[in-house]
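Chain IDs A, B and C follow the sequence of writing; residue 1 opens each chain.
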Amino acid sequence: MIVKDRLYINSINRFQIVDITPYINEKIKKSQIYSGIINVFTKHTTSAIIINENEKGLQTDIFNILYDLIPDGNRYSHDMIDHNAGSHLRSLFLGPSETIPIYEGSLDLGRWQSVFFIELDGPRSRRQVDLTIMGD
Amino acid sequence: MIVKDRLYINSINRFQIVDITPYINEKIKKSQIYSGIINVFTKHTTSAIIINENEKGLQTDIFNILYDLIPDGNRYSHDMIDHNAGSHLRSLFLGPSETIPIYEGSLDLGRWQSVFFIELDGPRSRRQVDLTIMGD
Amino acid sequence: MIVKDRLYINSINRFQIVDITPYINEKIKKSQIYSGIINVFTKHTTSAIIINENEKGLQTDIFNILYDLIPDGNRYSHDMIDHNAGSHLRSLFLGPSETIPIYEGSLDLGRWQSVFFIELDGPRSRRQVDLTIMGD
(Lines give C-alpha, C1' and ligand atoms only; values in the text may rest on other atoms or scores of the structure.)
Protein backbone atom coordinates (compact mmCIF):
# COMPACT_ATOMS: atom_id res chain seq x y z
CA MET A 1 0.00 0.00 0.00
CA ILE A 2 1.17 3.56 -0.80
CA VAL A 3 -0.15 6.64 0.99
CA LYS A 4 0.92 10.20 0.18
CA ASP A 5 0.59 13.09 2.58
CA ARG A 6 2.22 16.46 3.22
CA LEU A 7 3.41 18.78 5.99
CA TYR A 8 3.48 22.58 5.68
CA ILE A 9 6.02 24.49 7.76
CA ASN A 10 6.19 28.24 8.41
CA SER A 11 9.67 29.34 9.45
CA ILE A 12 10.27 32.56 11.37
CA ASN A 13 14.08 32.85 11.25
CA ARG A 14 16.76 32.67 8.54
CA PHE A 15 18.12 29.46 10.14
CA GLN A 16 15.72 27.25 12.07
CA ILE A 17 15.58 23.63 13.14
CA VAL A 18 12.03 22.25 13.48
CA ASP A 19 11.34 18.85 15.09
CA ILE A 20 8.70 17.29 12.80
CA THR A 21 8.67 13.82 14.44
CA PRO A 22 5.21 14.12 16.07
CA TYR A 23 3.60 15.48 12.87
CA ILE A 24 5.04 12.61 10.81
CA ASN A 25 3.76 10.08 13.37
CA GLU A 26 0.26 11.56 13.15
CA LYS A 27 0.31 11.10 9.36
CA ILE A 28 1.55 7.50 9.65
CA LYS A 29 -1.24 6.73 12.13
CA LYS A 30 -3.77 8.25 9.72
CA SER A 31 -2.38 6.12 6.85
CA GLN A 32 -3.07 2.90 8.83
CA ILE A 33 0.23 1.46 7.58
CA TYR A 34 1.71 -0.72 10.33
CA SER A 35 5.06 -1.83 8.91
CA GLY A 36 7.22 -0.48 6.07
CA ILE A 37 9.14 2.70 5.26
CA ILE A 38 8.46 6.42 4.92
CA ASN A 39 10.25 8.84 2.60
CA VAL A 40 10.34 12.36 4.09
CA PHE A 41 11.21 14.79 1.28
CA THR A 42 11.52 18.59 1.32
CA LYS A 43 10.55 20.28 -1.95
CA HIS A 44 12.95 23.22 -1.48
CA THR A 45 16.63 23.66 -2.46
CA THR A 46 17.45 25.81 0.59
CA SER A 47 16.22 23.44 3.28
CA ALA A 48 17.06 19.93 4.46
CA ILE A 49 15.75 16.89 6.33
CA ILE A 50 18.05 15.40 8.99
CA ILE A 51 17.90 12.94 11.88
CA ASN A 52 19.71 13.57 15.17
CA GLU A 53 19.19 14.31 18.86
CA ASN A 54 16.72 17.00 19.98
CA GLU A 55 18.98 18.98 22.33
CA LYS A 56 19.12 22.79 22.38
CA GLY A 57 22.94 23.06 22.56
CA LEU A 58 23.40 20.68 19.63
CA GLN A 59 21.18 22.92 17.49
CA THR A 60 23.56 25.83 18.18
CA ASP A 61 26.49 23.56 17.25
CA ILE A 62 24.81 22.56 13.95
CA PHE A 63 24.30 26.24 13.07
CA ASN A 64 27.93 27.10 13.93
CA ILE A 65 29.56 24.21 12.06
CA LEU A 66 27.46 24.87 8.91
CA TYR A 67 28.49 28.56 8.88
CA ASP A 68 32.13 27.74 9.76
CA LEU A 69 32.44 25.30 6.85
CA ILE A 70 30.24 27.23 4.39
CA PRO A 71 30.40 30.93 5.36
CA ASP A 72 28.20 33.61 3.86
CA GLY A 73 30.07 36.12 1.69
CA ASN A 74 30.13 37.58 -1.79
CA ARG A 75 32.56 35.10 -3.30
CA TYR A 76 29.74 32.81 -4.62
CA SER A 77 28.69 32.96 -8.29
CA HIS A 78 25.05 32.15 -7.49
CA ASP A 79 24.87 35.28 -5.29
CA MET A 80 24.77 37.36 -8.48
CA ILE A 81 21.44 35.64 -9.38
CA ASP A 82 19.89 35.25 -5.96
CA HIS A 83 21.67 36.19 -2.75
CA ASN A 84 21.49 32.76 -1.08
CA ALA A 85 24.28 30.55 -2.45
CA GLY A 86 25.37 29.64 1.09
CA SER A 87 21.87 28.32 1.83
CA HIS A 88 21.95 26.10 -1.27
CA LEU A 89 25.41 24.74 -0.39
CA ARG A 90 24.47 23.98 3.23
CA SER A 91 21.38 22.10 1.98
CA LEU A 92 23.59 20.14 -0.45
CA PHE A 93 25.66 18.67 2.39
CA LEU A 94 22.64 17.79 4.56
CA GLY A 95 20.38 16.42 1.80
CA PRO A 96 16.69 16.83 0.95
CA SER A 97 15.29 13.60 2.37
CA GLU A 98 15.47 10.70 4.81
CA THR A 99 13.96 7.25 4.31
CA ILE A 100 13.00 5.79 7.70
CA PRO A 101 11.62 2.43 8.90
CA ILE A 102 8.04 2.22 10.17
CA TYR A 103 7.04 -0.36 12.74
CA GLU A 104 3.87 -0.76 14.82
CA GLY A 105 2.31 2.22 13.07
CA SER A 106 4.98 4.81 13.87
CA LEU A 107 8.54 5.87 13.02
CA ASP A 108 10.93 3.16 14.21
CA LEU A 109 13.61 5.52 15.54
CA GLY A 110 16.32 5.00 18.13
CA ARG A 111 15.88 6.39 21.64
CA TRP A 112 17.74 9.66 20.90
CA GLN A 113 16.65 10.17 17.29
CA SER A 114 14.25 12.87 16.07
CA VAL A 115 13.47 13.96 12.50
CA PHE A 116 14.08 17.65 11.74
CA PHE A 117 13.23 20.05 8.95
CA ILE A 118 16.08 22.58 8.65
CA GLU A 119 15.20 25.98 7.24
CA LEU A 120 18.35 27.43 5.67
CA ASP A 121 16.89 30.51 3.96
CA GLY A 122 13.91 31.73 5.97
CA PRO A 123 11.66 33.15 7.03
CA ARG A 124 9.33 31.43 4.57
CA SER A 125 5.69 30.42 4.68
CA ARG A 126 4.24 27.04 3.72
CA ARG A 127 7.49 25.14 3.19
CA GLN A 128 6.33 21.79 1.81
CA VAL A 129 7.56 18.39 3.07
CA ASP A 130 6.13 15.42 1.17
CA LEU A 131 5.58 12.08 2.87
CA THR A 132 5.42 8.80 0.93
CA ILE A 133 4.40 5.93 3.19
CA MET A 134 4.82 2.41 1.79
CA GLY A 135 4.03 -0.84 3.55
CA ASP A 136 1.31 -3.08 4.94
CA MET B 1 5.09 -3.19 -8.69
CA ILE B 2 8.88 -2.97 -9.06
CA VAL B 3 10.61 -1.88 -12.26
CA LYS B 4 14.38 -1.71 -12.70
CA ASP B 5 16.11 0.41 -15.31
CA ARG B 6 19.47 2.10 -15.84
CA LEU B 7 21.12 5.25 -17.16
CA TYR B 8 24.61 5.35 -18.69
CA ILE B 9 26.57 8.60 -18.50
CA ASN B 10 29.75 9.55 -20.35
CA SER B 11 31.63 12.33 -18.59
CA ILE B 12 34.11 14.56 -20.42
CA ASN B 13 35.73 16.46 -17.50
CA ARG B 14 37.33 15.54 -14.18
CA PHE B 15 34.49 17.33 -12.36
CA GLN B 16 31.11 17.53 -14.05
CA ILE B 17 27.52 18.07 -12.98
CA VAL B 18 24.95 16.38 -15.25
CA ASP B 19 21.21 17.11 -14.95
CA ILE B 20 19.60 13.66 -15.30
CA THR B 21 16.02 14.75 -14.46
CA PRO B 22 14.57 14.36 -18.00
CA TYR B 23 16.19 10.91 -18.49
CA ILE B 24 14.76 9.68 -15.18
CA ASN B 25 11.30 10.97 -16.11
CA GLU B 26 11.44 9.08 -19.43
CA LYS B 27 12.20 5.85 -17.55
CA ILE B 28 9.36 6.44 -15.06
CA LYS B 29 6.95 7.03 -17.95
CA LYS B 30 8.13 3.80 -19.58
CA SER B 31 7.60 1.89 -16.30
CA GLN B 32 3.91 2.94 -16.24
CA ILE B 33 4.16 3.49 -12.46
CA TYR B 34 1.91 6.41 -11.52
CA SER B 35 2.54 6.86 -7.80
CA GLY B 36 5.35 5.69 -5.48
CA ILE B 37 9.08 6.25 -5.09
CA ILE B 38 12.25 5.93 -7.15
CA ASN B 39 15.72 5.11 -5.86
CA VAL B 40 18.43 6.70 -8.03
CA PHE B 41 21.73 4.97 -7.24
CA THR B 42 25.20 5.50 -8.73
CA LYS B 43 27.35 2.35 -8.85
CA HIS B 44 30.66 4.26 -8.52
CA THR B 45 32.62 5.37 -5.44
CA THR B 46 33.91 8.57 -7.09
CA SER B 47 30.56 10.01 -8.14
CA ALA B 48 27.37 11.15 -6.40
CA ILE B 49 23.65 11.82 -6.84
CA ILE B 50 22.34 15.14 -5.52
CA ILE B 51 19.22 17.31 -5.78
CA ASN B 52 19.43 21.10 -6.06
CA GLU B 53 18.77 24.03 -8.41
CA ASN B 54 19.96 23.92 -12.03
CA GLU B 55 21.79 27.27 -12.19
CA LYS B 56 25.21 27.69 -13.85
CA GLY B 57 26.73 29.86 -11.08
CA LEU B 58 25.66 27.41 -8.37
CA GLN B 59 27.53 24.61 -10.19
CA THR B 60 30.73 26.69 -9.96
CA ASP B 61 30.03 27.24 -6.25
CA ILE B 62 29.54 23.48 -5.67
CA PHE B 63 32.89 22.78 -7.34
CA ASN B 64 34.66 25.47 -5.29
CA ILE B 65 33.24 24.49 -1.90
CA LEU B 66 34.04 20.79 -2.46
CA TYR B 67 37.68 21.59 -3.32
CA ASP B 68 37.96 24.17 -0.49
CA LEU B 69 36.79 21.66 2.11
CA ILE B 70 38.48 18.59 0.58
CA PRO B 71 41.52 19.80 -1.39
CA ASP B 72 43.58 17.61 -3.67
CA GLY B 73 47.12 16.94 -2.42
CA ASN B 74 49.49 14.16 -1.51
CA ARG B 75 48.59 13.94 2.16
CA TYR B 76 45.97 11.16 1.57
CA SER B 77 46.86 7.51 2.24
CA HIS B 78 44.63 6.22 -0.56
CA ASP B 79 46.67 8.26 -3.07
CA MET B 80 49.43 5.65 -2.71
CA ILE B 81 47.03 3.01 -4.12
CA ASP B 82 45.11 5.08 -6.64
CA HIS B 83 45.60 8.82 -7.07
CA ASN B 84 41.97 9.85 -6.39
CA ALA B 85 41.42 9.95 -2.60
CA GLY B 86 39.92 13.45 -2.87
CA SER B 87 37.30 12.14 -5.32
CA HIS B 88 36.29 9.37 -2.90
CA LEU B 89 36.03 11.80 0.03
CA ARG B 90 33.94 14.30 -1.93
CA SER B 91 31.55 11.49 -2.93
CA LEU B 92 31.33 10.42 0.73
CA PHE B 93 29.89 13.78 1.78
CA LEU B 94 27.40 13.97 -1.11
CA GLY B 95 26.22 10.35 -1.06
CA PRO B 96 25.55 7.71 -3.76
CA SER B 97 21.77 7.93 -3.99
CA GLU B 98 18.53 9.84 -3.58
CA THR B 99 15.08 8.35 -2.99
CA ILE B 100 12.43 10.60 -4.53
CA PRO B 101 8.61 10.63 -4.59
CA ILE B 102 6.78 9.82 -7.85
CA TYR B 103 3.37 11.28 -8.57
CA GLU B 104 1.26 11.34 -11.75
CA GLY B 105 3.90 9.30 -13.56
CA SER B 106 6.89 11.57 -12.99
CA LEU B 107 9.34 12.80 -10.35
CA ASP B 108 7.41 14.83 -7.77
CA LEU B 109 10.04 17.55 -7.32
CA GLY B 110 9.74 21.12 -6.11
CA ARG B 111 9.77 23.99 -8.62
CA TRP B 112 13.54 24.61 -8.32
CA GLN B 113 14.70 21.00 -7.84
CA SER B 114 16.63 18.95 -10.39
CA VAL B 115 18.40 15.61 -9.96
CA PHE B 116 22.11 15.58 -10.81
CA PHE B 117 24.80 12.98 -11.36
CA ILE B 118 28.11 14.42 -10.17
CA GLU B 119 31.25 13.06 -11.80
CA LEU B 120 34.12 13.49 -9.32
CA ASP B 121 36.86 11.53 -11.11
CA GLY B 122 36.29 11.81 -14.87
CA PRO B 123 36.44 11.65 -17.73
CA ARG B 124 34.84 8.19 -17.69
CA SER B 125 32.65 6.30 -20.11
CA ARG B 126 29.43 4.45 -19.30
CA ARG B 127 29.03 5.53 -15.65
CA GLN B 128 26.09 3.47 -14.45
CA VAL B 129 23.11 4.89 -12.51
CA ASP B 130 20.54 2.29 -11.43
CA LEU B 131 16.88 3.17 -11.09
CA THR B 132 14.50 1.16 -8.89
CA ILE B 133 10.90 2.30 -9.37
CA MET B 134 8.36 1.04 -6.82
CA GLY B 135 4.66 1.85 -6.72
CA ASP B 136 1.31 1.42 -8.40
CA MET C 1 6.67 -8.15 0.48
CA ILE C 2 8.29 -6.47 3.50
CA VAL C 3 10.83 -8.21 5.73
CA LYS C 4 12.42 -6.60 8.80
CA ASP C 5 15.70 -7.73 10.30
CA ARG C 6 18.52 -6.30 12.38
CA LEU C 7 22.30 -6.30 12.81
CA TYR C 8 24.07 -5.77 16.14
CA ILE C 9 27.57 -4.31 16.09
CA ASN C 10 30.09 -4.15 18.94
CA SER C 11 32.69 -1.43 18.39
CA ILE C 12 36.08 -1.48 20.11
CA ASN C 13 37.46 1.99 19.24
CA ARG C 14 36.19 5.58 19.47
CA PHE C 15 36.24 5.78 15.65
CA GLN C 16 35.74 2.59 13.66
CA ILE C 17 34.65 1.65 10.16
CA VAL C 18 32.94 -1.75 9.90
CA ASP C 19 32.19 -3.39 6.53
CA ILE C 20 28.68 -4.83 6.99
CA THR C 21 28.14 -5.89 3.34
CA PRO C 22 28.34 -9.66 3.94
CA TYR C 23 26.01 -9.52 6.97
CA ILE C 24 23.41 -7.57 4.98
CA ASN C 25 23.63 -10.05 2.11
CA GLU C 26 23.00 -12.95 4.52
CA LYS C 27 19.83 -11.22 5.76
CA ILE C 28 18.62 -10.56 2.20
CA LYS C 29 19.17 -14.22 1.32
CA LYS C 30 17.20 -15.25 4.42
CA SER C 31 14.34 -12.88 3.42
CA GLN C 32 13.96 -14.67 0.06
CA ILE C 33 13.40 -11.29 -1.65
CA TYR C 34 14.90 -11.42 -5.14
CA SER C 35 14.40 -7.90 -6.45
CA GLY C 36 13.65 -4.57 -4.74
CA ILE C 37 15.34 -2.24 -2.26
CA ILE C 38 16.78 -2.38 1.25
CA ASN C 39 16.87 0.47 3.76
CA VAL C 40 19.89 0.17 6.09
CA PHE C 41 19.27 2.41 9.12
CA THR C 42 21.40 3.00 12.21
CA LYS C 43 19.38 3.77 15.36
CA HIS C 44 22.14 5.93 16.91
CA THR C 45 22.89 9.66 16.62
CA THR C 46 26.67 9.20 16.88
CA SER C 47 27.10 6.68 14.07
CA ALA C 48 26.47 6.59 10.32
CA ILE C 49 25.89 4.33 7.32
CA ILE C 50 27.98 5.04 4.20
CA ILE C 51 28.90 3.38 0.91
CA ASN C 52 32.43 3.56 -0.50
CA GLU C 53 35.50 1.48 -1.33
CA ASN C 54 36.93 -0.99 1.20
CA GLU C 55 40.58 0.10 1.18
CA LYS C 56 42.65 0.53 4.36
CA GLY C 57 44.25 3.85 3.35
CA LEU C 58 40.90 5.38 2.46
CA GLN C 59 39.63 4.57 5.97
CA THR C 60 42.51 6.62 7.42
CA ASP C 61 41.63 9.45 5.02
CA ILE C 62 37.96 9.37 6.09
CA PHE C 63 39.00 9.63 9.75
CA ASN C 64 41.39 12.52 9.02
CA ILE C 65 39.00 14.58 6.89
CA LEU C 66 36.17 14.20 9.44
CA TYR C 67 38.42 15.44 12.27
CA ASP C 68 39.94 18.20 10.09
CA LEU C 69 36.51 19.60 9.20
CA ILE C 70 34.84 18.92 12.56
CA PRO C 71 37.57 18.94 15.23
CA ASP C 72 37.04 17.89 18.83
CA GLY C 73 37.30 20.76 21.33
CA ASN C 74 35.38 22.53 24.04
CA ARG C 75 33.74 25.15 21.88
CA TYR C 76 30.55 23.05 21.35
CA SER C 77 27.42 23.79 23.40
CA HIS C 78 26.34 20.14 23.46
CA ASP C 79 29.62 19.24 25.22
CA MET C 80 28.18 20.76 28.42
CA ILE C 81 25.42 18.08 28.33
CA ASP C 82 27.36 15.12 26.98
CA HIS C 83 30.97 15.31 25.84
CA ASN C 84 30.40 14.10 22.27
CA ALA C 85 29.16 17.04 20.16
CA GLY C 86 31.82 16.32 17.51
CA SER C 87 30.49 12.76 17.14
CA HIS C 88 26.94 14.06 16.56
CA LEU C 89 28.13 16.61 13.98
CA ARG C 90 30.22 14.06 12.06
CA SER C 91 27.19 11.73 11.92
CA LEU C 92 25.04 14.63 10.65
CA PHE C 93 27.22 15.06 7.56
CA LEU C 94 27.39 11.32 6.78
CA GLY C 95 23.74 10.46 7.51
CA PRO C 96 21.99 7.59 9.33
CA SER C 97 20.94 5.44 6.39
CA GLU C 98 21.37 4.25 2.83
CA THR C 99 18.67 2.85 0.56
CA ILE C 100 20.20 0.34 -1.86
CA PRO C 101 18.91 -1.70 -4.81
CA ILE C 102 18.54 -5.48 -4.47
CA TYR C 103 18.85 -7.75 -7.47
CA GLU C 104 19.13 -11.54 -7.76
CA GLY C 105 18.79 -11.87 -4.00
CA SER C 106 21.69 -9.66 -2.95
CA LEU C 107 22.83 -6.02 -2.76
CA ASP C 108 23.18 -4.68 -6.30
CA LEU C 109 26.38 -2.70 -5.68
CA GLY C 110 29.07 -1.52 -8.05
CA ARG C 111 32.38 -3.38 -8.26
CA TRP C 112 34.16 -1.11 -5.73
CA GLN C 113 31.23 -0.42 -3.40
CA SER C 114 30.85 -1.75 0.14
CA VAL C 115 28.37 -0.73 2.85
CA PHE C 116 29.91 0.46 6.13
CA PHE C 117 28.70 1.18 9.64
CA ILE C 118 30.77 4.05 11.04
CA GLU C 119 31.15 4.19 14.82
CA LEU C 120 31.78 7.83 15.78
CA ASP C 121 31.54 7.57 19.58
CA GLY C 122 32.72 4.11 20.63
CA PRO C 123 33.49 1.76 22.07
CA ARG C 124 29.86 0.66 22.38
CA SER C 125 28.15 -2.69 22.58
CA ARG C 126 25.14 -3.83 20.55
CA ARG C 127 24.85 -0.87 18.18
CA GLN C 128 21.64 -1.56 16.29
CA VAL C 129 21.27 -1.34 12.50
CA ASP C 130 17.74 -1.98 11.22
CA LEU C 131 17.14 -3.53 7.82
CA THR C 132 13.87 -3.07 5.92
CA ILE C 133 13.77 -5.25 2.82
CA MET C 134 10.99 -4.53 0.30
CA GLY C 135 10.37 -6.28 -2.99
CA ASP C 136 9.34 -9.51 -4.68
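FYI, contacts are C-beta pairs under 8 Å (C-beta built on N, C-alpha and C of every residue); 3 or more make two chains touch, one makes a residue touch a chain.
None of these values were measured; they are calculated from a predicted model.
J.: Determine the shape of the graph in which chains are vertices and touching pairs are edges (line, ring, star, complete, other).
T.: The chain contacts form a complete graph, every chain touching every other.
J.: Over half shared or under half: which fits the residue numbers at the contact of copies chain B and chain C, same or different?
T.: different
J.: Roughly how many whole angstrom separate the Cα centroids of chain B and chain C?
T.: Comparing mean C-alpha positions, chain C is 20 Å from chain B.
J.: Could you tell me which residues belong to chain B and also touch two or more other chains?
T.: 69, 93, 95, 99, 134
J.: Inside the complex, what are the residues of chain B that reach chain A?
T.: Residues in contact with chain A: 35-37, 50-53, 55-58, 60-62, 64-65, 69, 93-95, 98-101, 103, 108-113, 134-136.
J.: For the complex, give me every residue of chain A touching chain B.
T.: Of all residues in chain A, those touching chain B are 2, 4, 39, 41-45, 69-70, 76-81, 85, 88-89, 91-93, 95-97, 99, 128, 130, 132, 134.
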